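Letters are used for the chains, namely A, B, C and D, taken in the order the chains are written, and counting of residues starts over at 1 for each.
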Amino acid sequence: MIFQLAVQGAQMLLVLLLAPLLIGFVRKVKARLLRRQGPPLIQPYRDLIRLMRKEVVLADNASWLFRVTPYLIFAATWVAAALVPTFAAGLEFSWTADLIVIVALLGSARFFQALAGMDVGTSFGGIGASREVMIASLAEPAMLLIVFSLALVAGATQLSTVAAFMGSPEVGLRVSLGMSLIALVMVAIAENARIPVDNPATHLELTMVHEAMILEYSGRHLAMIELATFLKLLLYVSLISCVFLPWGLASVGAGPKALAIGAAAYLAKLAVLAILLAVFETAVAKMRVFRVPDFLGAALMLALLGTLLLFVSRSL
Amino acid sequence: MNGLTFDIAHLLAGSLVLVSFMMLYQDRLFALINVFALHAVVLALSVAWQAYIQDAHHLYITAAIALVFKAIVIPVGLHRIIQRLGIHRDIETAVGIGPTMLAGIGLVTLSMVLMLRVTPEADPLAREDLAFALSIILLGLLVMVTRRNAVSQVVGFMSLENGLVLAATGAKGMPLVVEISVAFSILIAFIVIGVFLFRIRERFDSVDVGALDDYRGERQ
Amino acid sequence: MTAFSFNAVAAILLIPAGAAAILAALPNYKMTAVVNVVASLLTLLAALSLFITERPAPGQYLIIDDLNIVFIVLNTFVGFTTGVFSASYIGHELETGRLTAPNLRFYHAMYQIMMFGMNLAFVSNNIGLMWVAVELATLTTVLMVGIYRTHEALEAAWKYFILGSVGIALALFGTILVYMAAQPVVGEGTNAMVWSVLIEKAAHFDPALLSVAFIFLLLGYGTKVGLAPLHAWLPDAHAEGPTPISAVLSGLLLNVALYAVLRFKLLLAASPEAIGPGPLMVTMGLTSLIFAAFMLYRRRDIKRLFAYSSIEHMGIIVFAFGMGGPLANFAGLLHMVMHSLTKSAIFFAVGHIAQVKGTQKISEIRGLTESHPGLGWALVIGVVAIAGLPPLGIFMSEFLVVSSTFARHPWLAIPLVFGLLIAFGALVLRLTGLAFGEPRGGTAPVEASYVPMYSHLALVFAAGIYLPAPLVAWFQHVAGILG
Amino acid sequence: MISTVALLLCGPAALLGTAVLAGAFSRRASATRLVYGAALAISAALLVIVADHLMGNPGEVSAVTLPLGLPWTGARFRLDGLSAFFLIVVNLGGAVTSLYGVGYGQHESAPHRVLPFYPAFLAGMNLVVLANDAFAFLLSWEFMSLASWALVMAHHRDEANRRAAYIYLVMASFGTLALLLAFGLLAGPAGTYAFDAMRTVQPGPLAAGAVLALMLLGAGSKAGLVPLHAWLPLAHPAAPSHVSALMSGIMTKVAIYGFVRVVFDLLGAPAWWSGVAVLLIGGVTAVLGILHALMEKDLKRLLAYSTIENIGVIFASLGLALAFKANAMPSAAALAFTAALFHVLNHSFFKSLLFFGAGAVLSATGERDMERLGGLIHRLPVTSFVFLVGCVSISALPPFNGFASEWLAFQAILQSPDLPQWGLKVIVPAVGGMLALAAALAAACFVKAFGITFLGRARSAVVEQAHEVDRFSLAAMAVLAVLCLLAGLLPGFVIDGLSTVTLPLIGDRMPVQTAQPWLSIVPIAESRSSYNGLLVFVFITISASLAAFFIHRFASHALRRGLAWGCGFDDAAPAAQYTAVSFAQPIRRVFGGFAFRARETVEMPAPGTLDPARIKVDIHDVAWETFYQPIAGAIDFATERLNYLQFLTIRRYLTLVFLYLVILLLVLALWP
C-alpha cells in the first residue's frame, strides 16, 4: 500500500521533472538539425526559475480570474499527466480517471486559458482564444473517437487496461489502430501548438494562437503556464508511448526491478518520440490558420474511419 | 284508379314541365311573366284535378290560391313593378339559352332516373308526379341561377314553388298542404315587396341583384 | 301530474307567444327590455321544469324526449342570458341613435317570436310542423338582421332571405318526400308525418325515396346550419345584424337546424337500404371545417371572423355526428352545447367591444386587455375556449372526436386535425392583435353587462374540468339514441 | 392514511389557488413577495413529500382517481419512480426559481401579467408529471403551454414578443394534436384512455411506429428537437428571465418526461429502428443547436439555443437506451437511460443557473446584447462567479456535473459494438462523434458567453453603473452552483437514486455505486472504466495549492499594474476588443457553410478613399426556411384563393347551392 502510494508519488514528481527536459531535448535536436549549437538541455529549467524571480506586470484591467488561471491550468494538466501510465501501469489512483477524463481535464485547462486570454480585453487575447476554441472544437471530437476505437479494441477506456491489452499478443496488427495512431499524432500536434498548426517560438502576434492567449502573462504566472505546456507535451508523448509502444511497462503491483526496467524503457521511448517530433517539425512549415480545420478534419475523418472499421470488423 | 284520370293527371303534370321549359326559353321579362301566369294556371288545373280524384276538398282552396294569387295578382304586380322601375325589357341572361335548355334536359332526365329507382309498389301517380315535380323544382332553380334580373329570379323561385305544390298535392292525404301554400304565397309576397321596397327606399338604383351585391359583405 | 307537465310544454310555447303580443303593444323601451328578460326567464324555468315533471306521451304534434330536452334547455338558457345582454346593449344603441324606439318595440317582439319558433321546432313531433317552426324562426331573424336599415344590413338581410327561402323550399320538398315514403306504410293523414310513428316503421319505407328526401333535407336545413358551400348568408347576417342576434344566430338557430338534420338522420339510419347519412355528413363537416379555417385568415370584421368560426365548429359537430358511435356522438352533443355557450359569450364581449371602440374593424382594435381588461380578458378566455384549449369544455369534445376518429379511420383524422390547426392559427393570430399590444381605438369606460358572458365562460370552464354524472349519463343515453 | 399522490395533488391545488388570488390582488405592492414566497413554500413542501416517499418506500406506486376530467375515466394520478424523479426536477427548479423571483420580481414592470400565471405554470408542470390518463395528461400539458404562453406575452407591447408568443402557442397546439393522435392510437376505438389500460395492450409494429413518430413530433416540438425548435429561441428569451429559466430548464424536461412515459412505459417493447430514429434526431439536434448558439450575440437566445443542444444529447442517450432495450441488453440500456435522466437533472440545474445569471445581468444593465456588455466581472463579482460555475458545468468539464452525465453517455456508446444490427453499428459511433463535437463546441460557446459578457473591458456605458443584484437572486444562484458541484463530485448517489426509475422501465439497473471505494462511479467494471469526480477535485485542489504554496514560498511577490500590450498602440478603445461575432468567426468559417449557409461578403472601399472596409455576414436558419416559410406561404396562397368566395353575388351563391344539389343527386343516381 505504502509502496504503491510511493510509486504514485514518484510518478507525479517524475512527470513534473521530466517535462522541461523533454522540451529542452526537442529544442536541442531541432537546433542540431539546423546545424546550430542550440541551448543546453537544462535551459527550460533556467527559464522557469528566472521567470519565477521576475516581477509580475499585470494589465490594469486584469481580474482575479486572470491571476487564478495559471494555477488551475497547471494543476489540471499536472493531474492529467500524472494519471497517464509512464513507467508502470495500474498505479494506486489510476482508476480515478480514464482516458475520457484525462482528455476532459486538458479541456478544462484550455477553457480557463481561453477565458484568461479574453480577460484583459485586448484583441490579441481574443484572436488566441477564438482560434484556440476553433482548433479544440475539431481536435476534441477526433480525440474522443480515437478513445472510442482504443476502447473498442481493448474493451476499456481505462489506460492501464488498454496498455496491458496492447502489450498482449492477441492485439495483432490492425488497420484501424494505425489510423487512430496517425489521428492521435495529428491531434497531439494541434493540442500542443506545435508546427505546422502553431509555432511555439513565434513573435508575430497575428500568427499566434497559443502564444496570443498568454501574451499578457509574465513572471511566476507565465512560469506556471509554461510548465503546464511542457507537461502537456509530455502527457501526449507518454500517452502515445503507453498505448502504442507498451513494451516494458511495469504491470500492476510489480516489484522494484520491473519498475526500473519500465523507467528505462520509458526514457528510451521519450527520446525516440522527441527526436521524431523534432525531425517532423524541422521538415514541415507552419500552415495558415484556416488550413488547420482541414488538417484536423482529416484527423477526425481518420479517427471516425478507424472506429467504423472496428465496429465492422468486430461483427465479422 | 282508372286509366283516364291517371292520364289526365299525368298530362297536366307533364305540361307543367313543358311550361317550365318555355320559361327557360323566354328572354323578355313580360313574356316570362306571362308564361309564368300560364304555369300557375296549369298548376291550378292539376291541383283541382287532384282535389277531384282524391276528393280532398281542401285542395280546391290551394287551387284557388294558385289561380288567383299566382296567375293574376303576382303577374299584374310584377308588370306594374317593371313599368314603375322602367327597367329595360331584355333579360340579360348569365348563361346562353342553348346551354340552359341542354342543362334543363339533363336535369329532367336526372330526376326521372332518381324517381324511377323508387320501388314500383309505391303509388304510380305519386312516382310520376314526383318525377315531374322534381324536374320543375330543378328547372326553377336553373332559372334563378341563369338570370341576372331580380324579377326573373323571383319568377324562377315561384315556378320552383309551383313544383312543391304539385308534389304536395300529388301526395295522397298530405296534411297542411293548404297552410303551406298560403305560407309560401306570403313568402313570395315578401320577396316581391322586398324587391319593390328596395326601389322606393332609393337605396338601389335598380333591382339588378348584381347592383344590389356591389357591397358584397366585406369590402376589400 | 300529466296535466302539469303538459302545461310545462305549453308554457314553453305560450310564454314567448304571449310576450310577443304584449311587447308589440308596449311603447317604452326600458319596460320592453325588462319584459323581454322576464319572459325569457319564465320560459327557462318552464323548460327546467321539464326535468322534474313526468313527460306526456308523444302526441300528434308535440313530443318531449331525451333528445330535445337537451336542446330546449340550452335554447331557453341562452335565450335568457342573451335577453339580459341585449337589455344593456340595446340601451347603448338607443343612446347612439342607431336604433329608435319603434325599432325596439319591433325588435323585442320579434325576439320573442323567434324564441317561440325555435322552441316549437324543438318540441314538434310533426315534421311538417317542425318545418313551419324552423322557417318562422328564420324569417324573424331575417327581419332583425335588417333592423339597422343600413345599406350593408339590408343587403345582408336580403342575401339571407333569398338563400334562406331556397333552403326552405328544398327542406319542404324533402319533407313531402318523407311523407310520400311513409304514406304507403303508415297510411294517409297526419300520422305519416308524426316523427315518433315514422321512426318505428322507417325500416319498411322505400329506401330510394328516403335517400332523395334526406339529400333535400340535408341541403335545406344545412343551409341554416351554415355548412359550406351553403354558408353564404351566415357571415354577413352575423356581421350586420345587432350583436344579440348574432349571438342567438350562432348559439341557437344553427342548433335548431342541426336538430332537424339529426332527427332525419335517425329516420334514415333506421332504414338499412337507404343511403348512409354518415359519409354525407362527414364530407360536409370536413369541407366546412377546412373551408372556414382558411377563410378566418383574411377577415377584417371582428363579428364576421367569429361567424366563420361558427361555420368551422358546425363542421366539427356535423362531422362528429356523421362519424357516429357513442364516443363521437357524445363529443358532438358536448361540442354543440359548449359552442353555443362559448360563441354567444364571445359575441356578448364583441358587442360591447364594438360599442366602445366604435368600430368592428379588427385592424382598428388593439390592446384590449389594457384598455378594457374586463372585456379583453373575456375575449381572451372565449377565444382560448373556442380554439379548443384546455381547461375549457371544447377541449374535451375535440379530444374525444379526434382521438376516437384516429383510432377508427386514421385517414379521416388527418384532415380534421389539419383543419383544426389552421383555424387555431388564425384565431390566435387575430386574438394576439385584438387583445394585446399598444391599445388603439376608443378607451372610454364601458357599462357592460359582464354577468352573461362570464357566467357562460364559467359554465364552459366547469364543463372542461368536471361533468356531473347525471349529465354524462344523459348525454350517453342520447348518444346511444343517435346510434 | 391519505395516499402520497393525493397529498402531492394538494400542491398543484394550492398553486392554482395562489394563481387565483394573485389574479385578484396582483396590483398590490406586496403581491410579488407573497406570490413567489407561496410558490417557494409549496414547491419545497412537494419536494419534501417526494423525498420522504423515496426514502421510505422507493419502489412503491401510489395512484388515485378523482371524479374529474373525462367522465367515464376520471382524472387519474399516479406516483411511480419516473414521476417521482421528474417531480424532484420540477419542484427543485420551481423552488429555486421562486426564491430568485422574490428578488427579481421587484424589477417587473407589469407584475399583474406575471404573478397570476407563474403559479399556474408550476401547477401545470406538476400535474403533467402526475397524470395517469390521456385526458388529464393532455389537459395539464396544454394548460402548462397556455400559462407559459401568457408569461411570454407578459411584455406584450413589444412586437417581437407577441410574434414569439403566437408562434409558440401554435407550435404547442401542433404538438398537442400530435400527442392527441398518439393517445388515440394507444386508446383504440373503445377509448380506454387510462394509462394502466394502455400498458396492458401491445400495439402492432405499424401502430407503434406511428406512435413513436407522433411522440417525436409532439414531445419533440415542446422539447425543441430540430427542426421543430424554431419557436424555442424566440419564446424562451421573450419571457421574464426567471420564467425563461423555468421554460428552458424545467418545461423541456417535462416534455422529455412525456416522451419517456409513452415510449418507454406505455408503448411496450420497442423495435430496434426506433432507436435509430431517436439517435439520429438527437445527434443532429445537439450539433445544430450549439452551432446556432455560437452564432448568437443575444445572451438569452444563446442560452435558449444551448438548451436545444442539451435536449439533443438527452434524446441521443434515450435513443441508445431504446436500441439496447430492443436488443435485450438491459444493463447497457439502464446505463444509457441513467445517463439521459442524469443529464436531465444536470441541465435543469445549470440552465436555470445561467438564465438567472442572464437575468441578473439584464436587471443590472438592462442589456441582453453581449456586444454592449463586457468587464462585468468587476461590477458583479458574485454573479460572474456563479455564472462561471454554470458555464463550466454546461461545458462538460470535470469535476462538475455536466461532465459526469456526458461521461456516462460515452460509456453507454462504448457498449454499442455488441448490438446486432448493422444500422446501429454504423450510426452509434457517428452519433458519438456528433456528441463529442457538440461538447467541444459547447465549451467554445460558453467561453464566448462568459468571456464577452463578463471579461474584457466595458463595451458600453450601461456597464459602468451596474450594481450587484439583490440577495435573493444571489442566494438562488448560489444554491444551484453548489448543486452543480455536488452532483459532479458525488454522482454515485444520483445514479443509485435513479435505479428506482430504471428498474420498472428497463428491467435492470446500474450496479450500486455508493458502495464503491472512494465513491467513484464504475458503470460496468473497474478494469473497463471508472471516474471519481471527488478525487479529481481533491487532486486539482491539492496540486493547485501546492503550486501556490511553492510560488508563495520561493518566487518573487513583486507585482506591477501596467498597460496591456498593444503593439505600441496603447489604450486601444474597448471597441478594439473581440466581439461575440468576431469570436465565433473561425468556427463560422468551418461549420457555417453547411449548417446555415453562412455567407461572408467583404465590401472594400474604392481605392484611395478612407472609409473603412466592411464585412457582412448573413446567416440562415435552414429549418425555418425549409419548413416554416413554405407552409406559411402555402396557407397564405390558399387563403388568397379561397377569399374570393366571400365576395360573390347572390346569384353565384345560389349557383353553388344548385350545383351542390345536382352533384348529390347524381351521386344518389349512380349509387349502386
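The definition used in the following text is that a residue touches a chain if its C-beta (ideal position, glycine included) is under 8 Å from a C-beta of that chain, and two chains touch if they have at least 3 such contacts.
The structure presented is a predicted model; accordingly, all values stated were derived computationally and were not measured.
Across all inter-chain contacts, the pair with the most C-beta pairs is A-D. Distance between chain centres (mean CA atoms), chain A to chain B: 100 Å.
Measuring from the averaged C-alpha position of chain B to that of chain C gives a distance of 31 Å.
Averaging Cα coordinates per chain places chain A and chain C 79 Å apart.
Centres computed as Cα averages put chain C at a distance of 44 Å from chain D. Residues of chain C in contact with at least two other chains: 158-159, 162, 166, 212, 235. Shown for chain B are the residues in touch with two or more other chains, namely 114, 117, 141, 144, 153, 212-213, 217-218.
The full set of touching chain pairs reads A-D, B-C, B-D, C-D.
Residues 128-129, 132, 135, 139, 151-152, 154-156, 158-159, 161-162, 165-166, 168-169, 172-173, 176-177, 179-181, 183-184, 188-190, 192-193, 206, 208-209, 212, 235-236, 239, 299-301, 304 of chain C are the ones that touch chain B when the two sit in their complex. For chain B in complex with chain C, the residues that touch the partner chain are 114-115, 117-119, 121-123, 126, 130, 133-134, 137, 141, 144, 153, 157, 160-161, 163-164, 167-168, 171-176, 179-180, 183, 187, 190-191, 194, 198, 203, 212-213, 215, 217-218. Considering their complex, residues 52-61, 63-65, 71-72, 74-76, 78-79, 82, 93, 95-98, 100-101, 104-105, 107-108, 110-111, 114-115, 118-127, 129-131, 133-134, 136-141, 144-145, 148, 151-152, 155-158, 161, 205, 215-216, 219-220, 223-224, 289-290, 293, 300, 304, 307-308, 310-312, 314-315 of chain A touch chain D.
Looking at the complex, you find that chain D touches chain C at residues 67-72, 134-135, 138-139, 142-143, 146, 153, 156-157, 159, 162, 165-166, 169-170, 173-174, 177, 180-181, 183-185, 187-189, 191, 193, 635-636, 638-640, 642-643, 645-646, 648, 650, 653-654, 656-657, 660-661, 664-665, 668, 671.
By the touch criterion given at the top, residues 158-159, 162-163, 166, 170, 211-212, 215-216, 218-219, 223, 229-230, 232-233, 235, 275, 280, 291, 294-295, 297-298, 325, 327, 367, 369, 384, 387, 389-391, 395-396, 399-400, 402-408, 413, 417, 420-422, 424-425, 428-429, 432, 436-438, 464-467, 469, 472 of chain C touch chain D in their complex.
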